[in-house]
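Same chain, two partners: chain A is paired with chain B first, then with chain C.
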Partner chain A sequence: MRRNLPVWLGFIGGIVVTLETFFSVKIISDMSKAFLEWRVVMAAIALFLGGGNMIRIHSKHIQQKKAVNSMILIAAMLILFFLGILDPRGIKSPAYKFIFDNMYTPLGATVFSMNAFYIASACYRAFRMRNGQAAVLLFSGVLVIMGTVGIGAVMWSQFPVISQWILKVPNSAAMRGMSMGAALGMVGVSLRVVLGLERGHLGAQ
Partner chain B sequence: MLNRLTNIDRRVIYVGLLVVLFIPLYKPLGLPLPITRESKACFEFIGKLPADSVVLMINSTGPSVQAELYPQTLTMARHLMDKKVKIVICSLAVESPAYNTKLFERWAAEYKYENGKDYVILPYKAGGETAMAAIGRDIKSLYSTDDRNVPLSQLPLWSRINSVKDFACVIDISGGESQRWMLGHIQAPHKVPCIAAITAVILAVTQPYFSSGQLVGILSGLNGAAEYELQSKTPGPAAAGMDAQSLGHMWVVLLVVIGNIAYIASRSQSKKK
Partner chain C sequence: MIAKGKSSLLLFFIVFCVALYYYYQRAKAGKEIYIRRIAGLDAIDEAVGRCTEMGKPVHYTFGTGALDTNVLASFDVLKYTAERAADMDTEIIVSNCLPETQLMTEEIVKQAFVHEGKADKYNMDNIRFLSDSQNSYVAGIYGIFMRERPGANLMLGPFYAESMLIAEVGQIIGAIQIGGTGRTIQVPFFVAACDYTLIGEELFAAGAYISRNPFQLAALMAEEVGKYLVVVLIIIGCLMTTSGIKTLTNFMKQ
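Then we have the complex of A and B:
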């Protein structure tokens, strides 16, 4: 029962939503709509569970007396949580806005901005013409960069034209092939889940 | 010497990048910006929308991608408001509602836009692709109140919406993969024109959908936002940052060229030995 019920639920959900795509039958449409609404609700519950799980894990770290970071994380989580819950204005409360604008946003932006430095260093070390394929990657990358930035157009007016061609022709062709391959793979995996052949997501071995 | 050029210390690279980013911020260079056909198509499509039509913006901006996505949202929203197009905006990322509020706090008064009548801010919905599918299937039953907890049935703009087909255009603003969800759940089944505002890093993935005509336009990264600002003649934060980005890219290209010249020279030297 414990293993079969989730498989049956997955089967019914998968079949109903798939049938709804191809056939316009009211009962199937209604069921499909209900499944989708439940999924949105489940996602919200999962967020809550995720928060609870983080508190559980980091509480253990604090008990082991080795995590100042865990204490900061839990304190920040609880402060934001209660500010959002207790103040009827929610995310529009001045305190919440202050934390979002002056702590969360600068921290998030800073972490992402640091990528610029790592990417510059990584490009310098990785983009070497070790063979023909690396040379193609290198030249196309440089041409796209030069065509995208203003200074490239100043140096040679054809950089933007070449950059657009690379994006439109070889890139589109390669991405379409990859997308279609990935989509076919998804169809295969979805079929296995619906038919109960794939049980990894249920925690089965 | 060659060995030093093939192994430049990373601190030199970091300081060099910092310097080239600061120069244009201190003294703007006014470099020209080529307008890509993706952003041109986007601007022209929005420019042709009739006044009083309604556009749905699906926002997934967060602090990590706000440098690219918020200027895009800002410039498109200003263009829409300038055209008197009504805006419904919703969030698929948990941080995005703050940006939606900020957007209208800043511009609604200037364009005389009234909450509920000219624009509606919908609350965050969890679920990612499922939420997008629910928007495509039945947006009316997905949302019952706006971000202020006012019932949507009381808002005049919402009474004009029965399904996603009632939107003249859907704009997805995201640094993830939600533009593909939009195509799958809104563009393909309902044939609603769609625009993607994305981070530059995912242009290669998104561009084929523009070539195929599934997307009517793309705004890619800070470049896209700056191109839009230039076309709409409303210079903003994106155009101001483009010189710095331009020089930053040039620094990367210069490093790659130096590294390769040194690498090839050292390889030919070692062959001779």
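Then we have the complex of A and C:
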């Protein structure tokens, strides 16, 4: 029962949503809409469970005097939570907005901005000419860079043309091939899950 | 009754289902189905073995995308990785961005440890929900990387910009890295930063590849049929459109 019930629920849900994709039948559309709404409700409930997991783990850290970080995290989480709940304006309350705009947003931007440096260091490693394939990657990468930066067009007017050709022809061809393969893979996994052939998500052996 | 613009898609879906049924029957009859080597999946044993030798944990994450087929396919790899980790007495840390996957991953890892007869070694605290916000989630993983120094980092799922953010820091701490996603736009980042990459469909083949279950392999063969069909349609479509015949193009729009 514990194993079969989730498989049957997955089968029913999967079939209804699949039928809704292909057919315009009101009862199926309504059922599908209801399933998708349930999913949102379940995700909201799961968020509380996720928050509970965080509090449990970090409380343990605090008890074991392992991390000041855990203390800051829980304090920040509780302050924001109560600011959002207690003020009738919710997330639009000035205090909540102040913390979000002046603490969370700059910290998030800091993390995200590191992408620029990481892309550069990853490119440096990827562009090392170790074999023929790496050489092709290096030369095509350099050509695309030269065609994209302003100085490239000044040096040689054909750099942007070559760059665009690389992006539009070989690059698009490879990306579309991958996308089609991935799309078919997604259909395959969905069917396997709906039909109960794949049960990894249930922890089944 | 058929939704507008979905007729050709429905036909394709029916062909897919027929192919699945055919190969399912073949698998049932005991016919062997060939599947090519996928280096990224073969490397999981090496990655877990390395962690065991170094006394470091394995880190596993799904990315910040929604609970979709990428995550479902990744669960099979997590199950296998957790089984290997349990077998080799190595810790496995799972970082979740989606609260929905938190309970599911807890159950998957727990079952893997039970399956290997190491239920007592299962540590619930290693299955962690970090945040559903991308930057906070990445910062949480940085903390894990810096404090616990995993020897292997597996990133399989629907990744967005965090692919590069996590993979580069994984590289800095010297972890062996396996990346994979069905979101093809992120594949180049994994190729640049990871030791092994599962490209697009390889992630979706993971469950069948790892389990070698003939019925799952049958579904893979149905995908192959779909692929050949797409290739044939592309060639015929190119020829017809070049000749000014719009029949196929119009049918595909229906």
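Before moving on, here are some points about what is shown:
Methods note: the second predicted complex is superposed on the first by the 198 of 205 C-alpha atoms of A that agree within 3 Å, B and C clash if a C-alpha of one lies under 4 Å from a C-alpha of the other, contacts with A are read in each partner's own complex, and residues count from 1 in each chain.
FYI, contacts are C-beta pairs under 8 Å (C-beta built on N, C-alpha and C of every residue); 3 or more make two chains touch, one makes a residue touch a chain.
Since the structure is predicted, the reported quantities are computational estimates derived from the model, not experimental observations.
In the overlay built on the shared chain, the residue A:G185 is in contact with chain C alone; chain B does not reach it. Legend: residue contacts after superposition of the two complexes on their common chain; A:N53 is shown touching chain C, with no touch to chain B. Once the two complexes are laid over each other on the shared chain, residue contacts for A:L197 go to chain C alone; chain B is not touched. After overlaying the two complexes on the shared chain, residue contacts for A:S172 are found with chain B alone; chain C is out of touch.
Of the two partner chains placed by superposition, A:L80 touches none, neither chain B nor chain C. When the shared chain is aligned, no partner comes close enough to touch A:I99: not chain B, not chain C.
In the superposition on chain A, contact of A:I162 is made with neither chain B nor chain C. In the overlay built on the shared chain, the residue A:V25 is in contact with chain C alone; chain B does not reach it. By the touch criterion defined above, A:I151 lies against chain B but remains apart from chain C after alignment on the C-alpha atoms of chain A. Chain A residues 42-43, 46-47, 107-109, 111-112, 119, 121, 123, 125, 175, 179 lie at the interface with chain B in one structure and with chain C in the other.
Those residues of chain B that touch chain A in the shared complex are 8, 10, 13-14, 17, 21, 31-34, 36-37, 62-67, 94-95, 97-98, 101, 125-128, 130-131, 133-134, 137-138, 141-142, 200, 203-205, 207-208, 211, 223, 242-243, 245-253, 255-260, 263-264.
Residues of chain A touching chain C in their complex: 18, 21-25, 42-43, 46-51, 53-54, 56-57, 60, 69, 107-109, 111-112, 114-115, 118-119, 121-123, 125-126, 175, 178-182, 184-193, 197-198, 200-205.
Of all residues in chain A, those touching chain B in their complex are 32-33, 36-37, 39-40, 42-44, 46-47, 91-92, 97, 100-101, 104-109, 111-113, 116-117, 119-121, 123-125, 127-129, 138, 142, 145-154, 160, 164, 167-168, 171-172, 175-176, 179. Note for the complex: chain C touches chain A at residues 1-4, 6, 9-10, 13, 16-17, 20, 67-70, 72-73, 75-76, 78-79, 96, 98-100, 102-104, 107-108, 110-112, 115, 125, 127-130, 132-136, 138-139, 142-143, 161, 164-165, 167-169, 171, 182-185, 187, 189, 191-193, 199-201, 203-205, 207-208, 213, 215-216, 219-220, 222-223, 226-227, 230.
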